Amino acid sequence: MNSLILRTTTRPIIVVLLLISIFLLLRGHDLPGGGFIGGLVAAAAAALYAIAFGDEAAAKLLRVHPELLVGWGMAAAVAAGLLGMVAGREFLTGLWWVIAVGDQELKLSTPLLFDVGVYLVVVGVILRFVLSLEER
Amino acid sequence: MNWVEVIAGVMLLAGAAFVLVSAIGVVRFPDVYMRMHAATKAGTLGAGLMLGAASVVFGDLGITVRSFVVFFFLLLTAPVAAHVLGRAAYYANVPRWERTRLDELAGRYDGADASPGEPPRPVAHGDDRPDA
Amino acid sequence: MTLFEGPVTFLSVATLATMVAVAVSILVASLRVMRGPSLPDRVVALDLVGLLAVSVISVVAIATEQPVLLDAAIALALIAFLSTVAFARFIEWQGEQAE
Amino acid sequence: MEAYLAVVVGAVFAGGFYLVMRRNLLRFVFGLILLSSGVNLLVFTVGRVSRGAPPIIPEGASAPVGEVANALPQALILTAIVIGFGLTVFAMVLLLRLYERLGTLRTDELQAHLASPRPVPGLPDEEAPA
Amino acid sequence: MLSALLLAFGVALAAPWLTVRLGRSAGWVLALLPAGLTAYFLSLGPRVAAGEPLEQRVAWVPQLGVELAFRVDGLSLLFGLLIAGIGTFVAIYAGGYLAGDRQLPRFYLLLFSFMAAMLGVVTSDDLILLFVFWELTSITSFFLIGYQHESEESRANALQGLFVTAGGGLAMLAGFVLLGSMAGTYRISELLAAPGVLVEHPAYPVALALVALGAFTKSAQWPFHFWLPNAMAAPTPVSSYLHSATMVKAGVYLLARLAPGLGGTPAWFWLLTLVGGATVLAATGLTLLQRDSKRLLAYSTIVALGTMVLLIGVGTDAAIKAMVVFLFAHALYKAPLFMAAGSVDHEAGTRDVTRLRGLGRSMPWTWLAAGLAGVSAAGLPPMLGFVGKELAYEALFAAPWLLAGLIVAGAVLLLVAVMVAWVPFAGRSVRAPKAPHEAPLSMLVGPLALAVLGLTFGLAPGLVQDGLMRPAAAAVLGAPYAFDLYLWHGLTLALGLSLLTISLGVVLAATWRRWQPLLVARLAGVRFGPVAVYAGGWRGLLRFAELQTRFVQSDDLRHHLTTIVTFTVALTGGVALWRGGLDGMVWAPAAAYLHEFLYLAVILLATATVVRSHSRLAVITSLGVVGFGVAFVFVLFAAPDLAITQFLVDTLVVIIAALVLIRLPSSALRAEGGRDTRWLSGIIAVAGGALITGLLLAVTGLPFDGSLTHFFEANSYPVARGRNIVNVILVDFRAVDTLAEVIVLAVAAAGVGALLRRRLGGDDADVPAPRVDREGDGR
Amino acid sequence: MSLLGLHLGVAVLWAMATGSLTFPSLLMGVIVGGGVLHLLGPVLGDPRYGIRFYRAVALALFFLGEMFASGIRVAIDVLRPTLDLTPAVVAVPLELRNETAIVLLANMVSLTPGTLSIDLSDDNSCLYVHTMYGEDPEAARQAIKRDFERRIQEVFR
Amino acid sequence: MSALLVAPVVWPLATAALLVLLQGRLTTQRTLSTASAAAQLALAAILLAQVATQGILVVQFGGWDAPFGISFVADHLAAVMVLVNGIMGTAVAVYALRDIDADRERLGYHPMFHVLLAGVNGAFLTGDLFNLYVWFELLLIASFVLLTLGNRREQLEGGIKYVAANLVASMLLLTGIGLLYGATGTLNMADLALKLPLVPVGLATTLAMLFLVAFGIKAAIFPLFFWLPASYHTPPVAISALFGGMLTKVGVYALLRGFTLLFVADVALTHGLLAWIAGFTMVVGVLGAAAQTEFRKILSFHIVSQIGYMVMGLAFFTPLGLGGAVFYMVHNIFAKANLFLIAGIARWYGGSFELKKLGGLYRHRPLLAVLFVIAAFSLAGFPPLSGFWAKLVVIRAGFEVQAWPLVAVSLFVGLLTLYSMTKIWLAAFWSPVPEGVTLRAGPAPALLYAPVVALALLTLAMGFASAPFFVLAERIGAELSDPTGYVHAVLGEAAAATFVARGVAP
């Protein structure tokens, strides 16, 4: 949409939205959020961008094909399951690694990796929906 | 009586009043632009007051920040939404209230160069009719 | 709800009243969504419902003492905006075709 | 509350069933969306609703404090919402394509249009020899 | 026995290759297989005659109690020798008859497969195994009748034969399974060992009827006889082998085989004598209408088969003795008659006996064979046919009506013999569509040899009496039976009846030219009979199939969806009412807040709009409101994750719906038209909704078992390290759901992408075409 | 604008130094930080930062007040038994050139009494506003220019 | 061992992910796709071998024991079905190398195919009702896409019917699952078997009807089958074959599972109803086939008809009937899929699926004729091909429970089945090449023939050497008719003991 007001407002909004989406993704294990909700927010941000600036600009912003996001997301989710088996447990068994960064603890886990996979798939999928319908 | 509760309660009630006003306005006002006035202003204000009430009640920085973020977000988006929608409504020739006096925007969208968006492949169909 | 189950205070009464007021507003705004008559009318009302949803969440958060709900409000504010923008674009396309 | 929800769920289902049985495929999809909402509410209801806290364990505790809402139906509904979303979008786009290729969305015209298609004016015939 | 069969099937499979390799001599060489099998059966003769049947059992499907069980007793031996022996000559004959035919390799494959299967039928000691072979003979017969498959008539006849025999076969299978469950075994010898068990079982009549149905169809008994004359579309070697000498006798074999177990009851007697008698009469009558030599022979075969069934039904020692001898005699004369008719057809160009004259000069050897066989067929001494017929008359002294029928039939058989073996050959002037000459050696060996055998055994029935006839009769009777066979019985009543038969036959033959055309003309218009019933039945069935398919498989999707919903509501509601599924329904609404009702009202109102509005945008925005309403319920009842997701997804659905709708005409929703069924749908829908409400009330009225949730609550943080229990369920407790769910999304996206892609190939997009440009595929 | 980040950092520092990361202490930090940055303005390269900050705060407060008034105004209009309004669409010529400033103006206009930005001319020189009180279009135009355009211009100068 | 149980799902999913990342590189995709399908077949074979030697295998995902987490359970039935899916997957993958055009490959045929395989395997293996729903949806959406891939008009038209019916089924299934959860508080199927007896019988039976309809739509039983003949003839042959062979049988599998493990409180009603449905399904399907003149449409209607036989075995609810139903199912998958593949080769030569436009294949393509005869006559139940044994067992089971009318109907339907198989034979093989049609010269690609030959050999093996198959069928029948072992394997000994004590096990 050719609107200065929309475009000018959209830029900060999508920055905030992407931050929020990652925030929702990361804290999803403890508070409302998670990969799906985070992914939806990120995809919504991208969709907003696509409407405001056109789908070519959005594709440029994205740099990767939605299909690749989906593929990597699926791979991450499956890998999260397989890591449990690599560790000799059942498929999809949660594994946790706590890394000390200064006095902060960084908790990495297969459920998180799984959620990241979900996030990527959701972003890719919704972008595919919106871009497919937009570009025609 | 706890003053925090009183402040929060008052904010809530005020917010409730604005919210009600916005809803009534949307129903009562005669055309889409006037309805947008009601929704944009009273709605945002009402929501803001309730978010404020929440931050007062919880008195927690994180929550306050979040409330502010949401409110800021509303302040940022509500007028933009009204703008794009008002523009679109104007563009789509949604009828204005017959008492609208002046229109300095008239004629702006007649020129082909002022196309507001890239339309998709055309399919012949008219405007959406209201229910019979 | 936890707040209502406790003693009757000014805040609890105000909260309940607000809850009802917001619900009434949502119902009223929904009527506009359903009645139109034009698409922009519906979208204005739908946008308002989104805004009212933010209010609902704030009030419910207060009533249930569950601040986590406020996070839902962020997503909601965003999404209401997105849908309005999308509809605006939709209306412009449609207006174009009507000519 | 379950009793009232049961009535609402029934009403939404009735609406969905009705639309699903219409001649217009667009109505079919709308009916499906209604059914989807109805099912989600149904699953929510059978898990017994609670006005208590969300199923979140507060900081410092290792289990929910007090009564919390039933988490399992919520997780199930989340899954169902996502699946329903994907299927609904697919169905809608399928309708779009169907309309573009056959020129109708009426269930009783599909077959006839298959034999003598009436594609939408302005669209190329995609099955004409290249 | 098993190895013999395997060898036979193996040779059958190799036959096409061998045929091609051997060229012109294929028939002679391939005949070594049946010849060897004949020798094998002959070698079994002494022990069988001594009352020691050959038995063999190999496990096959023990779970079903099915074994590769074989048993060669007198009856089997008789049939085995006929099958292998006549098979030898047919193989040779076919080599000449079909010389140069492109399909000869396939022909031998089918012929030998048939032979092996037929041998299997007569040697199986397991009902199921017998059925396996039985059906194989039907299939090979089907392919052989349809040998000239490019002719429509040929195809239709093949199909008819298959349906009649396979249909009977299915009944027979049911009968076999029933017999198996009655006796607790599929082993035929064990079944027969305890006859009382079967005939006293309440299901006996059913089992008998089912098994008999199989036998009757296969052996072309009235009213299933009509397929056999039509099977004459097959090449003559097939007609002579399958459709006279062997396969059609499988039904007779089966009845004879099971007679010791199932026979001896009034039901058996009446069923078999009535059907056999009706067959004799019907076929006798129909024979009179024929001019085609093969059809004449076919109907006379039916007469013979009817006679055999009738004799088995009578079931006395004398009747069985007569049946066995007659069966043997029939095989020995009918096969050469067919071959001779085929040779005539082959060399003279027609099978219409009225168009042939004086072939005897150019085809003397053929005439000799036909003549000898014809004498036997006419029941004249000194042939074996005479012996058989006399025995049949003797056996039926007690049943004068049956006897009378048989005498008429005998006269007609004589007529047939004259028509086939005398009329075309006799006379000086030659009349034929093409210049006749003698058949090649390969086509003479068979008929001559068999005819001479008929003569030999007629002159000296003692040759086969002990080794073949007595054991066979004993097998049918279930007890040893010592009898002697003579060509000359002396001046008996039977001889008198024979003379009567012969005179009658001679009269018929002498006057044939006068009455036959009149008879044909008179009956030309008659369309009533089993064939008409069969054809009409099929036509009706197919018409019905079309009608019902048009009804159930309507083109209109809406009908189907209505069916689904209606069926669901009716079934679930019906069961709920019938079995008290909703008895536990409780209406005990707890106190609720005003605003909660308001949200429910929003959902209801928006639903009503979705249902009733004709404005597509009103509908999709109202759908958005329904979704929001649901989300509000989630907010009110402590489901933040759900609420967020519902808000987000609902909005996306509405946006995407709008993006789709914009490409559809605004009238899209108004295009209803057609007959108005809103009321009906409305009633069904409301009933469905009420049912759901009822079920929900009934379910929520039960005490709730929250153990799963409690487990999640207890383990979410300590073990799974997450505070958001819903999220922990999604990514840990029930992560498999989520894994599949995101892939659903991914696939949906790919599907949308694929759907919206334009211009994919032309009309033959899915015709696999050789890919030339494989390099071009890469990126 | 990099000073804005510094400003916020100062505010957080203040809050932490005073011992509690609560909202009031953070607010105090913002105010104190504003003062400090005003004093140090010349040193830090934007001599007017403090003034601009105060004007921004003043604008924000004015805006909030206007918004509140706007809400009340709408409430009155909505609840009045008869709709005694004269809507109009007026063009407001702009002096602002900064795009952000223009957008800010448009948004603020939308949230304040009786006015709603509908569109912007292609050369950003003119804002089209729908107003509920259009008896005197010129007055409405001037009100917008006076109340908002001037104040925004001061912040962005 | 647990890896083996997970592999049937994870392997194809990982393959699909990889294939997505390889998009555009068609040659690599083809190689990977085929190799992966073959590997999956091998893994499935090992799984079945393990189950045969060690008994029922269970994996509790994430290490969360049943009923809390999600279990995958491989009893003999599940393992056999997974193996069959592996066989079909491999056969179709090979056939598709020649049958699927590059356009469709670019649109994502390969990953979609593997997702479908994963979904089918997931449905077979899962021991959790809601998880079953999810796998159902996965295989559905994949099948939607495969069915419409290429966007041809009849694909879209058939696709909407397929999609519509199946989406309604999904809704009903989820409704049923929700209500069942509300009544029992659990989703694990073994646990449900334990807890369902505590639900009032009337209510449990009523809920069972929702599952009957939902599974029944997917299985294409009467009167819910219409979508199948309306759609299965529209996609490329490889896809038709996979759908026709495999997909509807997932619905049958679900019926088998549901109405042996869960809904057995009122057998007189539920299974009596199934018997009626079986009869109507058989008859209506076969009559439908009789009315068709298109190769694949005939086959499609026959699918419906033959589902009737499988449901019939289930309705008898005896070990023999259940084992017979499974034997029938497996036989039918091979024979039916093969007929679809053969239809494709016939079209390769003759250029059409219309019987009127086909002919001369017996004379000119004897190998194809032999392959058709094997599959078609097996389908028609001719001995000693696999279909004969299948029918025999089901009929015997019918005799056991004295269901004479149904047995009679099934026999009659057998004759009608023969009718339409011979109809194809007469038209496409025996009748002369129609005027205006020239058969394509030269043999069809070996890649098209190879899977057909392999499936024909399987059909022959199931016929001539049926004993090993019956060993499995017998065990399956036993396991299904007495689920104690299933419950024991999933929930442990104590739970199984209560199961028996409550007298649930028949």
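Residue numbering begins at 1 within each chain, and the chains themselves are lettered A, B, C, D, E, F and G in the order written.
To be clear about the criterion, a contact is a pair of C-beta atoms (placed from the backbone, for glycine too) under 8 Å apart; a residue touches a chain by one contact, two chains touch by 3 or more.
Keep in mind the model is a prediction, meaning the values are calculated, not measured.
When the partners of chain B are compared with those of chain F, the chains appearing in both lists are A. The set of chains touching chain D and also touching chain G is given as A, E. Two chain pairs, B-C and E-G, are weighed by contacting C-beta pairs, with E-G ahead. Overall, the chain located most centrally, as judged by its C-alpha mean against the mean of all protein C-alpha atoms, is G.
Look at where the CA atoms of chain C average out and do the same for chain D: the two points lie 22 Å apart.
Note on chain placement: the centre of chain B and the centre of chain G lie 54 Å apart, centres being C-alpha means. The centroid of the Cα atoms in chain D and the matching centroid in chain E are 48 Å apart. Rounded to whole angstrom, the centroid-to-centroid distance between chain A and chain B, based on C-alpha atoms, equals 29 Å.
Within chain E, residues 557, 561, 565, 596, 613, 615-618, 636, 638, 640-641, 644-645, 648-649, 652, 655-656, 659-660, 662-664, 692, 696, 699-700, 704, 706, 708, 712, 723-724, 726, 730, 732-739, 741-753, 755-756, 758, 760-761 each touch two or more of the remaining chains.
Across the assembly, chain A contributes residues 1, 3, 5-6, 9, 13, 30-33, 36-37, 40-41, 44, 47, 67, 70, 74, 78, 81, 92, 94, 125, 129, 132-133, 136 that each touch 2 or more other chains. Residues of chain C found to touch two or more other chains are 22, 24, 26, 31, 35-36, 39, 43, 64, 66, 68-69, 71-72, 74-75, 78-82, 85-89, 92-94.
Chain G contributes residues 2-3, 6, 10, 13-14, 16-18, 20-21, 23, 59-63 to its touches with chain A in the complex.
Here chain C touches chain E in the complex through residues 4, 16, 19-20, 22-24, 26-27, 30-31, 33-36, 39, 42-43, 46, 49-50, 53, 56-57, 60, 64, 66, 68-69, 71-72, 75-76, 79-80, 82-83, 86-87, 90, 93-94, going by the rule given at the top. Every residue of chain G that touches chain D in the complex is listed here, in rising order: 130, 134, 137, 140-141, 144-145, 148, 151-154, 156-157, 159-160, 163-164, 167-168, 170-171, 174-175, 177-179, 181-183.
Interface of chain E with chain A (complex): residues 640-641, 644-645, 648-649, 652, 655-656, 659-660, 663, 720-724, 726-728, 730-732, 735-736, 738-739, 742-743, 745-746, 748-750, 752-753, 756.
Against chain G, in their complex, chain A makes its touches with residues 65, 67-68, 70-72, 74-75, 78, 81-82, 84-85, 89-94.
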